[in-house]
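After this come two complexes, each holding chain A, first together with chain B and then together with chain C.
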Partner chain A sequence: MLTEILIYGSVASAVYAMLAIGLSLMIGIARVMNLAHGTFYMLGAYGVFTGAVLLKLPLSAAFALSVSAVGCIAVALNRVCLRPLKGNLDAMLVMTLILALMFEEVIQLIFGPRPRPVPYFVEGRLLIFGVSVPDQRLLVVAVAAAVILGLWLFIARTRVGGAILAVAQDPEAAALMGVDSGRITLLIHFLAAFLAAAAGILVSPFLSTSPGMWLWPLVKAFTIVILGGLGSIWGSILAAVILGFSETIVSFAISSRLTELVALAILFLVIILRPSGLMGSRVGN
Partner chain B sequence: MPIGQARTLRDHLPGLLGLGALLLLPAVVSDPYVWGILVMANLYAFLAAGFDILLGYAGLPVIGYGLFVGVGAYLAALLNLSLGLPPWLTIPLGGLGGALFGLLLGLSCLRLKGLYLALASFAAAAICEKVVIVFYDLTNGHEGLSGLDPISSYPLLDYYLSLLVMAAGTTALLMVVRSKVGLVLNSIKDNQEAAEAVGIDTTRYKLLAFVLASFLGGVGGGFLGHYTMHVGPNMFGLHIALTIIMIAIVGGLGTITGSIGASYLLIILNEALREVGEARLLIYTVITVVIMLALPKGVMPPLMNLLHRGLRLLRLRRRDNWEGGLRDASDT
Partner chain C sequence: MIGRKLKRHGSGKVLVFLGLGCLLVVAAGLLGLGGQPAWAAKKELRIGLLTSFKMECGQASINAANMAAKELNAQGGVLGRKVKIFVADSESNPEKGITALKRLVEKDKVHVLAGGAMSGVVLAAMDYLKRYNIVFMSTGVSSPMIGGKVAKDYGKYKYQFRTTINALNLANAIIKDELALMVKQGYTKFAVLAEDAAWNRGLVGFLQKNIPTVGGTVVATEKFDPQTADFAPIFSKIAASGAQVAVPLLAHTDAVSFFKQYNAMKAPFRLAGFNNPGLHAQFWEKTSGAALGEVNVAWGALIRSKITDKTIPFFDDYRKEFKGAPHGCASTTYDGVMVLADAAKRAKSFKTDALIVALEGTDYVGTSGRVVFDKKTHDAKYAPEYIPFLITQWQAGGKWAILVPARFATSTYQNPPWLKK
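Let's turn to the complex of A and B:
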């Protein structure tokens, strides 16, 4: 059982880390409290369902199409719906939540309310210390690690990444150095949606792809960002591991129906008792 | 509208006209099915007005407003089903239960605003929803409780009772926000530190906003439960809370009366589009997004402006001096 907890905990942590890092960038750099972040996850899953199952495209093409389409939707949403609110934080919160509900309804109209199955990307199982694990779940961990490493290299090693860090530190100083913060904001929207969509695609074969699937990943991503503390990718990864493993332990030890309660309890208690999280600072306001 | 200024009949005219129209509505429309829809319009107007106190006046985005609706509904249902108390007793008690939860949530979230308050209130509502499902013996889990006593056995009486509750609730709220309290809440929204610096006990006023809004939420939940004769865990959830929030936004935050207009507007629109298919939330969300972008103050303030202008053109031209101009400027 210990091995199982380790394996399934890692899978959950990997998915949560992808969601939370994107959200952390969105809040910290684009300064958008995005309650529609889970929507990108849901749209990614439906995108790969459309590409791979309905249009019968090769898997890699469906993946690439889905993440870029979701990235473009995020950029368009920022342009059309968020920019006119001119940084009014409460209006942004409500607007993004309403947009999330709107997308749920649109998807429900197109694909119906029932879950749509997505086939496994890789068949087969691997025996690890006597536990047979589907390759699909191992693929999640591998892809998540690769994507997060790639993102880190992009931010740490490229000029554009430097511009992102500059905007994160001080938007005005960055603007004086010639960084176009509007374009950085759009880039961040694209990257965050890309990460969330990739997470949604990876889990779509073993979690059901349904119109309401955006809500709990959203709650968990916010739990992680707040628990980890803003402005720290490592804080987010650490918090993702904490949440992923505590949920897995609770679901193995008590009941899998309580996992959502774990995230909710952590979220409520951290906000009330330690709003600055484990490492880092308070979000917004 | 400046606070403390003596009100003339003219200032109350739009409200009285509206109330008169709603009182006479059943004389025009004699279909009990339509009355049922109007009951829901009244209830959602009442609930949205309660939410308006939080976001529109005090600037508190309590996305978990469903917490109060759910608590009121379940308390009313349990009191009615197990103790046999009648609706006219269980609904106010449901309101008190909601207010208690509002006080508790307000106390634990006193230092929070913005994103943190939104998430904490959402988490509180979702935790209660899960707890309700877990305590299966008492609450019947996902199925919820059925067989509550109806409000009355006459559709027309239901309509008038819901209208009474809605009119009483919104009038009480209007009296509160047009007193000093409204000003103080607005000052907290604009700048809490500045409000504290001039000696305002912001804690007390924020808690007052929480208690008022959650009392309305509880009463609305109890009424809803008795009217539909069913309560379920989804009453705590995001869909009902967001419907309420959208009505408050479409009507115009910080107006109270806007919620009434928006509730009737959206519910009638929804019925008119029923043939297109059951896409109520899609219609609501699209309209709300468009309104937020095109009319950030909601539909009510521009409408009231037009109405005032029309009234002045009609026959009150004599009173159209600098004072009237000043009033209109503060209305917008």
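Let's turn to the complex of A and C:
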């Protein structure tokens, strides 16, 4: 059982980390409590379905087109819908909720309510200590690790990354130093949507795509961001690992019926016992 | 006050306004503003289809009901009236289902109700049937509680009939036909793998209790949320239990995802149970062939097989008109509408009491088999001599084979290719 927990816990953690890092950047740097974040996950999956299944493009091309398109949609939404509401947190919250519900309805109108199948990026399976693991799941872990490492290098080693950190620490001081915070905000929106879409695409071959698929990932992303601490990438990764493994352990040791309850229980406990999360600032600040 | 106004404006003018007002009210009634006009309802047999638009069962029910209405109308209607289908969305929610039911009865003035795609909605709706004095032909729900309520309080619930299965009959078919077949192949260790939903409450316990009666043992039971997206941990647990056969009970689960994950893992057990979303000739394409090896219980005109003389024509007509094979709820809804029409013809009336008596005497050969309602539960009888259950299997090349009963069999059981005999 230990091998299964290690393997499936890693896969779940990888997906959650990709989802939550984007949301953490969005809240911590762009200062947007984005309830439409799960929508990017869903749009990514439908994007690759459209590209690979409907337009018969190669899967790699469909992947690239889908993440780019979703990133652009997020940038456009920021300019048209969110920027005019800057400073009004309540209005932004409501606006992002409206956007999430609207996208669900639109996707349902276009693709219908039933799940749409996406082909596997890689076929086959690997036997790890006697446990049969489909290659697609191992691909999720590998891609997530590469993307997160790439993001960390981008933020830590490039000038643009430095500007992102500056805006995160003190937007006004960053502006005085000549950093265009508006552009940084747009970049954050693009990156957050890119990461969420990539997560949605990678899981779509084994989880299918459906219009309502955005809700639980959103709940889990928020749980991770709150547990990890707002604006902390490493906190998000740690929290994603905690959630991914907790769910897997509960599923194996107790009942898979209780899996979805784990995120809610963690959220409840963190808000009451440690609102600042593991490595970040207090919720509500 | 009124007297003073009459004096001020002149009583003649007021009377003219009052008269015009009355005319407007009458005209609005005739035109059906705020509800269907009574005169229109008298020229039609109005069937209200209460279903869930988002579910495949709902869409199939709408298609099949309209198809039945079209055929009845081509034959001159029922007792000289054209059949018209009115649809309302329950949104798979009992509260919204009741609102939709009220709209069908009060606004659309339907004469009978049909449909239902979720047991919870029909159970809630049953409490309104006596109040509205209206028959409900359930065509897409399987909770045993529905027939149980009719048996327990006939006076209150006699309005409810059902052409689709009762989960208890299904449970018997799973045990006696499907799992007995697996035991015959030499597989005796079973794991029950059930989504947690109203329709199969009781069914899990029934399987646990009765699998030993056919020579099997239950080595694991796993319940999961129908919203579950990742089945890999569940399959790993079943594999670790040593089960040779998992018995899935699926209705609201994303079955495509379920089978794709099962196939990708090459899970070391067979699947033989009840998969409602998989009751479709296109399930093979939907899963990209991942359904290979699945054994399922089916009925009705799901497979193009000569169950009755009406099965193949229905299957072909449905596929031609709706560009796809019929779903499980299609033939039960089609038969449900036809049975209602047949009862009205025999009763020579659309009145509810006469309809109930006629429905209780139904013996109608439909697309699924012979429809005869149980006197106590008002459930259609599912048995070899009435509506037969079919044990099916997806086999290589996308062939949906019938394994049992022998008179309809098109193949014998085959293991998934990654599992040894």
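Note that the second predicted complex is superposed on the first by the 282 of 285 C-alpha atoms of A that agree within 3 Å, B and C clash if a C-alpha of one lies under 4 Å from a C-alpha of the other, contacts with A are read in each partner's own complex, and residues count from 1 in each chain.
Convention: contacts are C-beta pairs under 8 Å (C-beta built on N, C-alpha and C of every residue); 3 or more make two chains touch, one makes a residue touch a chain.
All figures in this text were calculated on a predicted structure; none of them were measured in a lab.
Visitor: Touch test for A:33: chain B only (first), chain C only (second), both, or neither?
Guide: Once the two structures are laid over each other on A, A:33 reaches chain B alone.
Visitor: Which holds for A:245: it touches chain B only (first), chain C only (second), both, or neither?
Guide: Neither partner.
Visitor: Contact-wise, after the overlay, does A:137 reach chain B, chain C, both or neither (first, second, both, neither)?
Guide: second
Visitor: Is A:222 touching the first partner chain B, the second partner chain C, both, or neither of them?
Guide: In the superposition, A:222 contacts chain B only.
Visitor: Return first, second, both or neither, reflecting whether A:260 touches chain B, chain C, both chains, or no partner chain.
Guide: Touch partners of A:260: chain B and chain C.
Visitor: Touch check for A:111: first (chain B), second (chain C), both, or neither?
Guide: Neither partner.
Visitor: Hey, what residues of chain A end up touching chain B and chain C alike?
Guide: 260
Visitor: Where on chain B does chain A make contact in their complex?
Guide: Interface residues on chain B, with respect to chain A: 55, 59, 61, 63, 108-109, 112-116, 118-120, 122-124, 126-127, 130, 238-239, 242, 245-246, 249, 277, 279, 281-282, 285-286, 288-289, 292-293, 296.
Visitor: Please name which positions on chain A make contact with chain B in the complex.
Guide: Its residues touching chain B are 27, 33, 35, 80-81, 84-85, 89-91, 93-95, 97-99, 101-102, 105-106, 109, 215, 219, 222, 226, 260-261, 264-265, 267-268, 271-272, 275, 282-285.
Visitor: For the complex, give me every residue of chain A touching chain C.
Guide: 1, 4, 8, 11-12, 108, 113-115, 117, 119-120, 125, 131-134, 136-137, 203, 205-208, 210, 213, 216, 248, 251-252, 255-257, 259-260
Visitor: Under the touch definition given earlier, write down the residues of chain C that touch chain A in their complex.
Guide: Chain C residues touching chain A: 54-56, 196, 222-225, 227-230, 232-234, 236-237, 239-240, 254, 256-257, 260-261, 264-268, 286-288.
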